[in-house]
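Alright, structures below, take your time with them.
Okay, so chain A shows up in both of these, paired with chain B first and chain C after.
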Partner chain A sequence: MSDAAAGSVAGSVVTRSPLARSLDLLQQYGVLVAFVGLFAFNAIWQGDAFLKPENLRNLLNQNAAVGIVAVGMTLVIVAGGIDLSVGAVMALAAAVGMLAMNGLAGMVDAEGAGQFVPLLAGFASAIGVGLACGALNGGLVTLGRIPAFIATLAGLIGFRSITLALAEGGEIRADQAITAVQAIGRDGLAIPGVVNAYDKPVVFYWTILLFLVVVVLGQLTLSRTRLGRHLVAVGSNELAARYSGVPVARVKLWSYTIVGFCAALGGIASTVRMNSVSSSQLGLYAELDAIAAVVIGGTSMTGGRGRVWGTLLGVLILVMITNMLSLWQVEVYWQGFVKGVIIVLAVLIQRGRAS
Partner chain B sequence: MQTASAGLAAILRLVLEIDAIGKSFPAVRALDGVSLRVAAGEVHGVIGENGAGKSTLMKILAGIERPDEGRLVLDGRPYAPRSAREATDAGVAMIHQELNLAPALSVAENIVLGREPRRWGFVRRGPMRAEARRRLAEVGAEVDADAIVGDLPVAGQQLVEIAKALSQESKVLILDEPTAVLSERETRKLFDLVRRLKEAGTAILYISHLLPEVRGLCDRISVLRDGRLVAETTPAESDTDRLASLMVGRELADVYPPRGSRPNAAPRLRVESISVPGHVEGASFEIAPGEILGLAGLVGSGRTELAEAVAGLRPSRGGGILLDGAAVRFRSPRQALDRGVAYVSEDRKGRGVFTELACIENLTLPNLAAYGRVVPDRRRERSATAEWIRTLDIRCPAPAAPMRTLSGGNQQKFAVASRLDVKPTVLLLDEPTRGVDVGAKRELYHLISTLAADGLACLVISSELPELIGLCHRIAVMRQGRLVGEVDPAAESPDETERSIMRLAAGVSEHAA
Partner chain C sequence: MTMLRSLAAAGALLSLSLLAACGSGGTEPAPSATASTVAAAPKIKIGVSVPAADHGWTAGVVWWAKEAMALNPDVEWLFQTAETPDKQIQDIENMMTQGVDGLVVLATESAPLTPIAKQAHENGILIVNVDRGFLEPVADIFLEGDNASFGRKSAEFIVDRLDGKGKVVILEGIPCTVNTARVDAAMEVFNANPGIEIVGRDTGMWNRQKSLDVMQNILVQAPEIDAVWASDDDMALGAEQAIVEAGRQDEMWILGGAGMKDIVKRVMDKDPMYPADITYPPSMIATGIQMAVSVLEDGNREEIMKFMPQHLLIDVELILPENAKRHYFPDSVF
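After this line comes the complex of A and B, so read on.
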């Protein structure tokens, strides 16, 4: 009798029923299951239309900018913060970059040579703006002790307003002399053997590659570096982190600076795809899409636990769902509703793990 | 004649009966069959060391905690409050040690909170203010009813809290260390008030560490120790020394390692007259390599703040901190750790360990740069963790298991090990055995003793006097932010030492005689 009781006590701790274990796995890798399931569903139901390299490429391309931002957002959220200003920072960085580039368009001669300097100046100034905005957010949160939600909400409103003022509410197009922007947007890596129906190679745009590189770097930062460990520690328990000698303020500042940098990259990716900067549309709601991808990917909104690869899958899941809805000719108004349901489901499924 | 018999009847009328109450927390038996009876018009003192179970008992009465066993009877009816609100409604009011006011609201709003005079759903501000002023006058508080509570000094807030309890016209009033923040004049006013309430027939439970105060005010005194009621006495029967003995009264088991002789090397750490505004006033002490210095004092006496100031966790003023003779002042815990001064917090779950992170991540965090400035070397982290698990005999399922799966004692060992990994020369331990079972306590004592024998300068802060007496070479005592004396545990018997510490900590020598 007592043996049986002892056995059941030990059993409940050490080994678990297969059902409980599979539930655990579902909670941990649910996002992977959802991704594979959605992909398989689309592949079977749409067949070649979905699996066509151009289609996959275009889906990725449309979402590379938000995806890059979502990687930065993952790091901020892991550290217990949030950045609502990323969409506005994308737009501001892109606008400043475009203005800088156009300002130097005079260096380009009739044959289009000499675009390198304006291009470099444009990219550099965009990245500078992203870093500066991120550092400003981080400074307000750490030195200013303003809650991240409020500080970056002010950024969302303020940075967008500066962008609108710079473009007088309209669009900034690349100077006619600068053809390289569009060229970069349409150039990329041709993967040998991947061809379209006319046997022409399908080029995977640089922006997609940039997105994937950012994902890999983000994941490595989070799981392999000291900074990553510090981000997790601060998000897990800020006080304990301070008591362990973690420079909490500096770590937070870094997280916002990194997401600002990612927003600038996202702005650039968006610019080369469109060859112009729309002051009112570029990056609009990017913060929400990015946060949604992070949450679906299994990163805890309270910080301390997160994964960049999950965010990548989160982006891809959102992409596929949007794609399916438009193929089903669901009115665009309903897309947001479906995304909302997905986000709630993702959180509900993953919550069991913490408790 | 008539009034005398009415008074007698009031004294005999039991208001509150506490019957064999038991309460357990994980690893701690907080209350074990405690029974108390409180009559109308009685002031009943409840004393005991930190952790004796006073707070738990009061929380049960106030509806914040629920008992596992036993029952409560209030005015002849069963009383089982499920929330603070139910307790208040039943007529039990508690004035908390940690103030329980809404700091953004006005004094008047706080006093009538939850019972605002209303008409058609709107608060009637006139009657609300009148009620507040009446109650403040009863307390003798010179506080503006329209002032914002958060702007008042702590003593003022305490008086508002008392006025609030009065306004609830309670049958039972629980006062938990009410004078800790009051000036002498305010304390006298409070005592007058308590006596008036007593005349009016309120049953009062009065909790305090200050024994002379308890003797002066209370009709009867119950002594709790280790969750049990060990004595019920009266001021006439027991002087403060006897009360202190009753509170302490424990045998020191041989759980402590043999005390090495006190090293007479030059001090490793020397603290000269440093102050932490609001907490510590001109504290000086020194610790030699190999020495274990105990720091005793009541909760709130500034022990933690003093240690945190040394470890760079709080800004300090005046004086200086000398490490091996060189002046240092750490502006961050990082600087302190880099210079070999490590602090392990009393708040294990909140500040000591990361419950959700893996053991290995917990262990290497304070010293992470040593494993790689940019990319920590996982292999070395793993081997270091395995090494510490072996050295400290830590029981954990796996180095990658989350910290929360470990017992309190093993979590504490990890908290200590993570600081030891920095290779400190000074180790400040704040309540290192709090919430830890007896076996693990013993292991921690031996660990601390071994560390000291290896040349570490150790400071041990504790509310458990036996462990300080069993472990330390010297014990410094703090009271109200000042270091008020030092006790040599080798010079007297453990009981004598404990009483000396209690006297210093509670300020008996000042108040008594």
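After this line comes the complex of A and C, so read on.
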């Protein structure tokens, strides 16, 4: 499959007809066109309901957690890998973080002061778990020479199982003393002059800010750093990269560690939104949503080519579809079908050049 | 470089659209404000959010919700079902964006739905919470079925019918407060009657297939069984299949629960397998919807809330052949 793609790329370089060039553009910016088109369609069709700042904010927030994970997933896929365990890592990191937080809840006094330390300890241990899981995946893929699909499939099953065991299959709620979890999930920067239908200020949630920061950092890593160039090199031709002195194993290890880190951040974002950690639900199918966003965003599944901003648009496209169907009161069972069609269409359009 | 440039372009586009949105958002309240000052009564808007119909009882909830909404065509209804708490939070967020006056919520899970319910409460939205409560007192009205009464009445029926002496199997639901309240109350009754012996106890997860599986195991282990306390009609049907497959249908009978129409029909027809059933009416969602309408419809919310009960416990009833007709709704999906 990667051979065929490489062949067609070489072919189009030789014969650069205007048609090939416009197909190139479509492949390059198809996701932008799709995003703008879907946005305009929603804006015209739904009018006020869609364009309300509150709604746009909700759209961003609803998939911030998956979006953060999708950024990490982009880097892994660019390097020619895949990580199926991200959803389970989100849950495990969040569960350990919540347990650590609750364990230190005794430090909080009756007025609710002193929540900072438990909160910090919770977030830090969640991130620690994410990094460790990511490094483990990376180690299995590089040192253990297990195909990424298999190694991270084992992670998907194994990490979820640990999470279920930790929570005895149920949900872990924040200790009643730690009110900050809930507060962080529903707080943020007030957007000046914008009020909701009830004359209350609309806030730009912290989780959205975190998501956007991760997107910018992810894009900068990919396009501006040596690690980014190495990821692309390893993804497009591992052998050539090795011969040109790229530390392939270390680059791969980094990519899995980064996605583990992103999964932990996503787990935290999900925890503060849900005010609890559901061992069976948190991050469920997040790997599929993340991969879908990456694919829609125009990153090649065979590696070597990708962009984080495309993934951002991919996330937003998925969110807009869900929102549209929800506002149209389409039964929830049909939403997956529509998403599936969109994913196939996205891939077909982006492969336009090859056909 | 091109990537950065396009990133910037995408960012610019996003912020432009956000700006445009802010513009339209800012001017939006004006027309609705004038609309409400014009004499024509503004339609009240109520959001109804319930779990997706994944088993019989929740299917009944959806059916009754639709019935109650159809009875109030003057209200603008926003109705959504959700199979996960995450989807339910999104639904409620969308309902708030559309400016609902009231929300009727049967929560998929308590903890995740509490913050959004709190936010709705802070926005001054009337919240009617049905059957599964929030962790904080943010609902204006909370109505739930009386699960302790469910456990007690069902166990008492079994004890009476066995004349205080017999071998009973217990099938439990999904481990949660609802199941615990039912089982604890039932066990209290059984334990108070030394003639009753519990010969099998397992969880059927309120699921027909799972109940079939566990009942098969219990049938192997227990050579003699007089009655099955199945606590749910889906579980009763699963257990019945196991019993019939084992050829032991003449040996025992089943008491389910929740008032599924097929079971109620068989009680009505005096089927020996089902001497009775016990209600846990999914129609309570309709009760909640009707209460929300009556509080909101004439703009007298504050006056009405002075005497509306804040917590309602809905009692359960034994369905016997004599009164089954009153509990039989052939058009219902449940």
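To be clear about the criterion, the second predicted complex is superposed on the first by the 324 of 355 C-alpha atoms of A that agree within 3 Å, B and C clash if a C-alpha of one lies under 4 Å from a C-alpha of the other, contacts with A are read in each partner's own complex, and residues count from 1 in each chain.
The definition used in the following text is that a contact is a pair of C-beta atoms (placed from the backbone, for glycine too) under 8 Å apart; a residue touches a chain by one contact, two chains touch by 3 or more.
Bear in mind that the values here come from a model prediction, so they are computed numbers and not experimental data.
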Chain B versus chain C as contact partner of A:L56, first or second or both or neither: second
Chain C versus chain B, contacts on chain A by residue: C
Partner chain(s) touched by A:R307 [first = chain B, second = chain C, both, neither]: second
Partner chain in contact with A:S280 - chain B first, chain C second, else both or neither: neither
Contacts of A:S22 with chain B and chain C, given as first, second, both or neither: neither
Chain B versus chain C as contact partner of A:S161, first or second or both or neither: neither
Contacts of A:D48 with chain B and chain C, given as first, second, both or neither: second
Overlap of chain C and chain B interfaces on chain A (superposed complexes): 224
Chain A-touching residues of chain B, taken from the complex the two chains share: 313, 332-334, 336-338, 343, 345, 347, 350-357, 361, 365-366, 368-369, 372-376, 418, 422
Parts of chain A lying in touch with chain B, wherever the complex brings them together: 224-227, 229-230, 232-233, 236-237, 239-247, 304-305, 354
Complex contact set, residues of chain A against chain C: 29, 32, 35-36, 39, 43, 48-49, 51-56, 58, 62, 170-171, 173, 182, 185-186, 191, 193-200, 219, 222-224, 273-276, 278, 281, 284, 307-309, 312-313, 322-323, 326-327, 329, 331-333
Partner chain A, residues of chain C touching it in the complex: 1, 3-4, 6-7, 9-10, 13, 17-18, 20-22, 24-26, 28-29, 52, 78-87, 89-91, 93-94, 96-99, 109, 111-112, 114-115, 118-119, 122-125, 135, 175
